[in-house]
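The following blocks contain the structures, represented as structure tokens.
One chain, subunit A, links the two complexes that follow: it is found with subunit B in the first and with subunit C in the second.
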Partner chain A sequence: MSSSGEFFDRTEFVQYFRDETEELLQSIDSDLLRLEGYVDTKALDPEIVNSLFRALHTIKGSAGMLEFVAVQQIAHKLENIFDLLRKDRMPLTEGGINLLFEGRDVLTALVRVAVAGGEAPGGVDDYVQRLDAFAEIYDSTAQVIEGPRGEADDEETLAPVDDERVAAFQAEVERMLAEANAKQPAPAAPAVDLDDAQAAVDAFLSLSPIAAVAAESAVAPAPREWPAQPAVAAAPAQQDHKRVGVAKNQTIRVDIERLDLLLNLVGELVINRTRISDIASTLGRELGNKGGAGRGMAALAKDLSESSALLARTTNEIQESIMKVRMVPIGQVFDRFPRTVRDLAKARGKEIRLEIFGADTDLDKTIVDEVGEPLMHLVRNCIDHGIEAPAVREARGKPRHGTIKLNAYHEGNQVILEISDDGAGIDLQRVREKAIRNGVIDENDRLSDREIIELIFTPGFSTADQVTDVSGRGVGMDVVKKNILRLKGVFDVDSVQGEGTTFTMKMPLTLAIIQALMVRVADELYSIPLDAVIESQRIDASDLRTVHGGEVITLRGQVVPLIRVGEFFRLGAPRDPDKVMIVIVGLQGRQVGLVVDSFQGEQEIVIKPLSDVIGRIAGISGATILGNGSISLIIDVHSLVASAYGSGRATRAEFSGV
Partner chain B sequence: MSAKRVLIVDDAVVMRMMIKGILNKNGYEVVGEAQNGLEAVEKYRALTPDLVTMDMVMPEMDGIAAVKQIVAGDPNARIIMCTSMGQQALVVEAIQAGAKSFITKPFQPPKILETIQKVLA
Partner chain C sequence: MSESTQVVSFKLGPEEYGVDIAQVQEINRMVAVTKVPRAPVFMEGVINLRGQLIPIIDLRTRFGMPRAEHTKNTRIVVTEIGTKRVGMVVDSVSEVLRLPLDAIEPAPDMITGVDTEYIRGVGKIDDRLIILLDLAKIVTGSEKRELETTDIETAA
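Up next, the complex of A and B:
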């Protein structure tokens, strides 16, 4: 139909369309949520309605250019509703807002299909019919009052552009112009009286607070708050809308793969930088030992050492900058929740308030992308199992509406994500009974409260009496925990019966570079992620004891199981009969002592995943290349802790984290 | 003759890219882009382009208000409105405010070029 093909590389525009529309759909969602507060009230906030109208208008226009007809059509129909709303021709009702929410979802599905292909979502025709029927009530009254709306009805607006229709449109405009001009002399006739023009310029300049300056130079930049003349559609002065305003022009979109490549290259640079430092210090030492080296050589060695220090500093800065580039605000994920909470709360007949804090907390994009699903699951869990029905809450002396809080903040090198509710808390008695029934624990097992709570992470565990369509769908807390652990996060639950539950996730800022404690075991260098290390100690072999066939030590009154790394990896190193070197690692309050041969200091390492060819090795999470080019395997603390506690040395009920 | 300098005003990035593509390929120089009326007025003053393509529906300040402000400062400003079908009344208002012509969305590239040539003639 249109001849745009010859002018455009379509795929590029489809990408722009996808990104922009995604943003707009998100803003539509949050605007709808705000609008919902105005149901059945007389005065809508025009700012919200205008913002919705514009978002749909933009989607319609862009979809039109790309010939995404289905998207264009729905966007147009929804835009029409907001037009009716903002012109006060339609009241905002509960049914109406639900229809709009549904429309937003239909639109999202259609956009996905338009961009990525795949099957058209079902129910679109049905939705269009309902929407039309709904709009018709108000649209037809409007027409009775104001007469027919001219040539512009839906069909016409959306018909493929052809010259005839454009010509008709043009003719209509000209007719209206002529009509208007007949009523009053043409204000914008091409011939402009010079005096008038001067007067206009004067008027223009006098509007500016910096008139005196501006008068000297007509091209002086205008201040931001330049007073606007009355606009036709009330133009909101301020927009508290997620879309980045003017600053957007200063932003570019970069494919994440390019950043990954860059980060990888910097990783190599870091490795070589370390190597050069090594060489420089070795050279210095050698020259020092020989003593007789010429002055020239000594000076060269000093230069090398200095410039290698400089190189180290610059490399670090580059590395940090790239990390920062990869950071995005967690708000991208949080933004999805208001809508979910609203829909689910309605479906469950619960009243829930969602409070979001720290949406601007930055973390690595990979983590932000991956953490969405576990978070969503937890929020659903709060709605389904945590928050009680309004009547129950009142009977318990709580406010009718429950509150779910999402919180994010930085703590050292980590980001803490918290989801909490003020609901019923975890019913320990029921969890215990269920676990006994499932054969996870024995009736005679004596478990601490904490240990009981941990039972909910057993695969397939659910205390819900009924399987709801919300959280009881076979995806259990075990999967949530697994996903968090996979992202090198730590997951924790805190629950007080009757008062509520808090899920806490500690996530690393980035996944690519970590601080590690280097240890030597049977001539191999291993890396232990420093965030899991509690302390390292040298103890007498006589302090070791054997419990249930496993070695333990007692550390400040706590029994800590030991794993001999050399034996775990079957390296066949002999045991030292007198002294043992132990690295205490801990996860979620559980500690394990790793027995190694010697400590080799701390170092920053770049994590390289093990290739699929090698596959997963128990106890190893990846590898890194050291300054001298040799390889060090990274110890997977999670799986070691799990194996220590899973093999019967500790309480049977202890849940293995991996 | 040097290339004519154009300022593109539209809140939709897809639209801006498309118009830019068409103009660049046909010997025009796109000197700036604005995504709302306020920005348009500022950039018009700073860049003094030969031509402006102006969207109607935008946040902060809509197209018609922007036309009024630009024309108030430069009565010879050449502004082409980009409009959807069905916005006749708004187009009329924009032309009364001083816009020189208009094109309808979805654009047909030859039509855009034709309109621009006419307005610049």
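Up next, the complex of A and C:
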């Protein structure tokens, strides 16, 4: 292939390469973690090694096609190591596995540079040297060991195939592999070359029934018995082939923007469907009124209304299906953690077991993409601040191994994500002292335990005595919390000193569709996300009080500040002198009453962002298009609650109820 | 024949303006605009354009002219600037003109109404003057300034 650019759209392929490689690197990571369990056991799960070999082989092939030479080179060298492992020519040692983990990271860095450009990562040459040196030992010893091996004789008797035919086959396989390498098959269509390889395998298998048995045993667990080249070389091809048939055909990659576009179009369809239904029923009524209209017309009107009902059903199903398409399992995020935990635990000299539950819990793609960072930060926090060193744990009568649990499950219309550790818990005394030293609170402030825990969300707050490269780098819990809030999630911490800490995040299933309470304020219909609504009430104006110049009501003994939405948004609506309609919204134990003109019921709405041309508007988080085509703005409960509590109208002590 | 450019021309008051036809996506009659509270003053609101939310700028207010009553001639010119779609309310849309490039002159310092910052040039065709607008600046440029002032207001 001379100039690859002539034959395919390079950008698209690079993107494909990036996505595919990202997945493969992820699988390499988890396979390496599994493999680590076999260190020094002298036994190996050949399936893991094969899977690693295949992944690297694919990366190598794709990188070659795109002329990412550095990636190709490292993938090739790593592939060789797995080849040695697979052929049992190399024992699996701790040093080896660390070198492989490192190789995976080098590869990741090289891929990133290849795809996105930028500085080549440092230390690659050094790594290659170490890797080569490492591999060389076994490559040469393997040849020495090979000779006197007794098994070779067994093989002779097992497979009485004449040498000539084996040699011919070997040459054929080599030719095909070389050809496949030269072609560097497009990842989209690897089946063509694999078919050839498969044919070669089939041809070989047809040589003799005994050889077939032997070849199969080579594919399966015991490569030791079968050092002969052909079967081993063919094995990955055969398994690749199977994988192509089973997995690849069942999923396709779709740009999320195309789905968004589709969702928009469906929204349009929904609106038009409503109009058609309206027209159908109006027509029916009109014809009924006139009475004299011909039978034919009446029948037509009936047809129209039936078919519009059908249209309605189909449209709803399409809408639901598209929403489902956007859902992906949270496991995509969780998969990153075993490696992080392993590396960090090692670096900190801690022993940590990671348990993952509910990895198949589905969430909207947007949330899954955004939630990774905050989760990672929390996991790092657990490792760094939560879990104690093994010796400390033993002294406290706990198992040496600390445990971090990641859990995800659905609860109603929400997904709950939990990260918990059985570590030291949050040291309330230390948090308090630190907060006093930083001037966040006063020495005389009396705070509940819960309020003290809340202090860790103060920007720049860290109880770590020394700054490590794990956490305590200034990216604080405040950022984590902010990110979760931005995703319309609720964030909660529960900590028992000496027993551990649990972070709980409640996330909406999807950011795109929510339940909303519709309210009218000065001729405009606003939507309030229902998950933030606690209750709605009609209250006599005489029950209103003022505190520090702000209006409040007392609700079951708790003082709740009010915001008049019409005035906050400067809509100029007159106040009702007798009654006030109040929607109580709450976040994190803080409540605010929103004064509106009337309640208009609940509704499912599709959230659309306001154009960035408009910029950020305080109190508005987006908009939605209603069934009749009109627009309703969505009230940003977070910013309203923040403004009620941040403006000095209410002091924290007064509203600290939980 | 010299090179030329095509512009969509429209009116604000007595003056005639033009925008590059490549930036115009469509021209619509006036529809109900949903007000966005606390947005910059020239931001008329948002409209629903076949399921998409399009912000609407009142071009008169944008240029510091007095607001006008909407008439049957009032139009929303939906433009596409980069990836952003913005609708602009104008008094009326006149026509699509072909302007020879050599008929376009740089904006004179003194020009009626509009800040020269938003002007790419002035086209002369017969005895008409078409003020050619730089849409990107109208949408982004000083709207930031407006937003900043809104913020200050909010903070106060």
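A few points about this structure:
By our rule, the second predicted complex is superposed on the first by the 479 of 658 C-alpha atoms of A that agree within 3 Å, B and C clash if a C-alpha of one lies under 4 Å from a C-alpha of the other, contacts with A are read in each partner's own complex, and residues count from 1 in each chain.
Note that in this section a contact is a pair of C-beta atoms (placed from the backbone, for glycine too) under 8 Å apart; a residue touches a chain by one contact, two chains touch by 3 or more.
From a predicted model like this one, the values you see are computed outputs, not experimental measurements.
When the two structures are aligned on the shared chain, A:F53 is found in touch with subunit B, with no touch to subunit C.
Of the two partner chains placed by superposition, only subunit C is touched by A:L633; subunit B is not. Contact with neither subunit B nor subunit C is seen for A:A299 once the two complexes are overlaid on the shared chain. Counting residues of subunit A touched by each partner, subunit B versus subunit C, the larger count belongs to B.
By the document's definition of touching, of the two partners only subunit B reaches A:M65; subunit C does not. In the superposition on chain A, A:F17 contacts subunit B only, with no contact to subunit C. Looking at the shared chain after the overlay, A:I620 reaches subunit C, while subunit B stays out of its contact range.
On the side of subunit B, the complex with subunit A involves touching residues 11-15, 17-18, 21-22, 25, 33, 35-39, 41-42, 45-46, 48, 57-62, 64-65, 68-69, 71-73, 75-76, 84-93, 95-99, 102, 104-111.
In the complex of the two chains, the subunit A residues touching subunit C come out as 264-265, 267-268, 271, 524, 568-571, 608-615, 617-620, 623, 625, 629-633. Against subunit B, in their complex, subunit A makes its touches with residues 2-4, 6-8, 12-13, 16-17, 19-20, 50-51, 53-54, 57-58, 60-62, 64-67, 150-152, 156-157, 161, 165-166, 169, 172-173, 176-177, 180, 186-188, 192, 196-197, 200-201, 203-205, 207, 218-222, 224, 226, 228-233, 235-237, 239, 241, 243, 245-246, 248-249. For subunit C in complex with subunit A, the touching residues are 32, 34-40, 43, 46-48, 50-55, 57, 84-86, 139-140, 143, 147, 154.
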